[in-house]
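Labels for the chains are A, B and C, by order of writing; each one numbers its residues from 1.
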Amino acid sequence: MPGAYLPTPADLRVQFALRFAALDLMATKKTTEGNFFEDFAAGQVFHHAIPRTVTDGDVALYIALTGDRRPLHCSSEFARSLGFERAPIHDMLTFHIVFGRAVPDVSLNSPANLGYADVRFLTPVFTGDTLRAQTKVLGRRETSRDDVGIVWVHTTGYNQREEPVLQFYRWAMVNKRDTNTKTDEDFAPELPAEVATGDFLIPEQLDLSSFDPVATGGDAFWEDYEAGERVEHPQGITIEDAEHQMATRLYQNTARVHFNQHLQKSSRLGTRIIYGGHIISVSHANSYDGLENAIRILGFNAGAHANPTIAGDTLYAWTDVLKRIDLGRDDAGALRLRLVGVKNIDPREEPIELKSKDPERDRESYNPNVVLDLDYTVLMPKRPA
Amino acid sequence: MPGAYLPTPADLRVQFALRFAALDLMATKKTTEGNFFEDFAAGQVFHHAIPRTVTDGDVALYIALTGDRRPLHCSSEFARSLGFERAPIHDMLTFHIVFGRAVPDVSLNSPANLGYADVRFLTPVFTGDTLRAQTKVLGRRETSRDDVGIVWVHTTGYNQREEPVLQFYRWAMVNKRDTNTKTDEDFAPELPAEVATGDFLIPEQLDLSSFDPVATGGDAFWEDYEAGERVEHPQGITIEDAEHQMATRLYQNTARVHFNQHLQKSSRLGTRIIYGGHIISVSHANSYDGLENAIRILGFNAGAHANPTIAGDTLYAWTDVLKRIDLGRDDAGALRLRLVGVKNIDPREEPIELKSKDPERDRESYNPNVVLDLDYTVLMPKRPA
Amino acid sequence: MPGAYLPTPADLRVQFALRFAALDLMATKKTTEGNFFEDFAAGQVFHHAIPRTVTDGDVALYIALTGDRRPLHCSSEFARSLGFERAPIHDMLTFHIVFGRAVPDVSLNSPANLGYADVRFLTPVFTGDTLRAQTKVLGRRETSRDDVGIVWVHTTGYNQREEPVLQFYRWAMVNKRDTNTKTDEDFAPELPAEVATGDFLIPEQLDLSSFDPVATGGDAFWEDYEAGERVEHPQGITIEDAEHQMATRLYQNTARVHFNQHLQKSSRLGTRIIYGGHIISVSHANSYDGLENAIRILGFNAGAHANPTIAGDTLYAWTDVLKRIDLGRDDAGALRLRLVGVKNIDPREEPIELKSKDPERDRESYNPNVVLDLDYTVLMPKRPA
């Protein structure tokens, strides 16, 4: 089904022409406040602006800002040993660049991102590639609140050869322009509960049969992980305002809450909120120890930013192994994992429940220290014979 | 006239030889405090040290530190669609690197930069180019104060092929070494009030006839802007010490007031002052929304750093359209703009006068929240037929 | 003798095989707390994980984070004028990347690095090179404390052609896993008191006979420095948490004390400690003025991180000239220097003794403002005839 959102070059030409005609009519409007709930309609397609060429500068900043250590992305020698011509960029860097393209059209007025589904990492991205993105609106729904609704979209990122590099479903709370608007819309599309195993894209050139664990420092292969096992990652990282601002601007994500202290000082938190994607990146970097041999993110099945993070928070992470998936290859299999990011508590020292019963509301909610709950799948080499 | 400052290779050889001879005599002096008012003389030429090769790393940091989104500088595909072989670097990045070269010789002892004139962006700069700069002293003048004078200079930046990439006049307050010095100098050169239309350099390879507004996200073309119109930019950005320090060091600008808290804690502001050029860059980046199709900075006619900024300040911007200039081309025209940067006030929420009457001094002065008043000219595509 | 630690490719294959066998046995252990004092044994060799390709992004970040201005590393034109094909990276960037590789195996449980010896900068590193490192354990010794011992190691960094790029001895305090452990080990290897003059590696392609001092801005050549002379560097730089964290993560150095405020808040200092290598880099960058023509670091003879630094500290530096060393070349000689870094005091304004007598302990100790005492040797062009 998601294949439906990968348009052909002919489609693109038509869509560009239509959009250009639309521009013509809006020419006197110089700035926009972004789209509000009222502006979205199922079937609408946004061709996001600002194509972005990825460079070595982006890769170095990604390492400096997140602490990433995966050798596939920082060693061209290691990448070549696995069949690539040179090092592909980190899957999360691709994610952030594609996501950033979509913000001005989709989520400039979004107080919260509610979820992801069927996030798939497709053609690997290399420095020199230029990424663009487009988003199709799937549906929207009124909520119990007057001021916000929920919007469902499907976003695809492409490289300069129009090959899809990433696709994802996402739904977000979006402010209404006018609290009196009543659309009676109540359409929530049915989304895949997980990335289907047959949809995982394993790069053609990748060959893990001569995988060198000395390069990763990792002792454990696909066979060594068992469903139910927990890996507690030792690293903890404190995030500064300058750091998350630089990361978010690098991705040209323009959501105001991440940069504007003058605006945020009167918000509930009183300060800037860290971009949730940066929290995924830092938690994923923290998860290196114990998952050194995970070679690629294949997809996100589901994800929640459980609580906000702000500058000064220290992030820790653990990973629960959910499932071992055999891909029918000799060199590698997939692992379905649950990456949990927590703030200001070291879960190795002080055990913490992911969720607890909220006595007032009689339902489970995330522990206030939990900031990320990500159900995702990675490619992991099998133990060499 | 400014052509007079573009020396031939033969001139350069002579100047290098002279300078080398001068070095010989000063060999026992290992460090310098920089030049003071007494050290400047009209006609003097400084060949600034530290040639600088621009790289993808600089470009990525420029984006991360300023929030720049102009696709000409971040998409090689978009650059190629306009006739370039690949993406030229941001005009302001060229400015900062050239300006940074000049600081050790010109403004290490300058408490304030007073103005710019006839700032012209010339041959575009690409990653891999190596920039150097030189400055000719034009004149100096005593002031009513014993401790400072004013020095006028003309600086030119060159690439490795000795093609000029930038030139500008600048005048700055400069400390005296000795408050008893009385030079009786009173020469202020006459400077152009604006960049002459005939002096705008439009890169030969640039062809805007197939300009794609989907790539910029911009709805407005040259014809859509009217003199007198105000564009209020929605973005607001808070600047951290780590950010402006990294930017200023990237440009190898060594002015102490930007980096040295131990020195600055006893200053009037009590803290580090943000490099004025960083304020231009952030304000220019903020001005993207509403001016998406501005393709190049052609020149600065005049500019003032109206008030200092420090870490924690949030910058907003608006642009007043001053004039539409027809360049006699079918694909593009020029727009003369006034970019105003303000701090800690959102001008869309709270109207602010640029200047107000100072009752004590009976003259107009900038509102204390105004930090930048830049009169500049950009190249803007015409609406396709 | 140090040549003994440069293994042949055949050695490497054997060592890799042995390590791989070791991995096999540890496969069920997913994360490690790093090695403790008990885990080290003389003769042991660590092949450090995570090979790292150096890029233009690393070079730009190095400049932005340290304030480095040496034109050999930022100008490919200047590098070519000295015989290189393009600009080699800064010697300290090579140091940090090699050092960072070794941290997870060697110093994750090290509360203090005690010293360096015979640090030699070998084959120059260029962007595109991929660095890896290995460390041989030389010995260990119990101390008067129950909880820590001292470990001596020798680390070598290699490029992708297995050419050594850096080697150094280092000894560090290392925590015991169990305070009851008594090894009775008391072996401290004898280390060279200085890098032997014959061991300095001067890159073959380097030719300083047409050295252009206009490019460096430096007035002084090898002959102009006298033993006993002090050069006081004017620059002072305040370090922010975001800056040293980015630098240390760029080098993929995982020592927790630099990143984890949640952990550090209960430490003696109450905050994150800045990576000592960053202090060397910033002090070395501060030392540019007065030593502009130093073209390469040949080696460190000895070095001490005299006191810790934290965010908000302002660093100043001075250099004492220890010795002029003739290398038997016409174009250049070596200078042995002592680089002293101090915090929160400008030594040009307020003289400061390097060490003072501690009355209680009846021995000399570093002044609390001194943070770095580095005895090192640089290559310096001779004055052209």
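Following the convention adopted for this analysis, a contact is a pair of C-beta atoms (placed from the backbone, for glycine too) under 8 Å apart; a residue touches a chain by one contact, two chains touch by 3 or more.
These numbers were taken from a predicted model, which means no experiment stands behind them.
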If I list every residue number at the interface of chain A and chain C, are over half of them used by both copies, so same, or under half, so different? different
Superposition of chain B upon chain C: rotation angle, C-alpha, nearest 5 degrees: 120
As a quick test, compute the distance in whole Å between the mean CA positions of chain A and chain C. 37
Multi-partner residues of chain C (at least 2 other chains): 55-58, 60-61, 240-243
Please give the residue numbers of chain B that touch chain A in the complex, ascending. 55-61, 63-67, 69, 71, 74-78, 87, 212-221, 224, 229, 231-238, 240-243, 289-292, 312, 314, 316, 344-346, 383
Help me check something: in the complex, which residues belonging to chain C touch chain A? 16, 19-20, 23, 26-33, 47-53, 55-58, 60-61, 104, 127-128, 130, 160, 240-243, 245-247, 249-250, 252, 254, 256, 259-263, 272
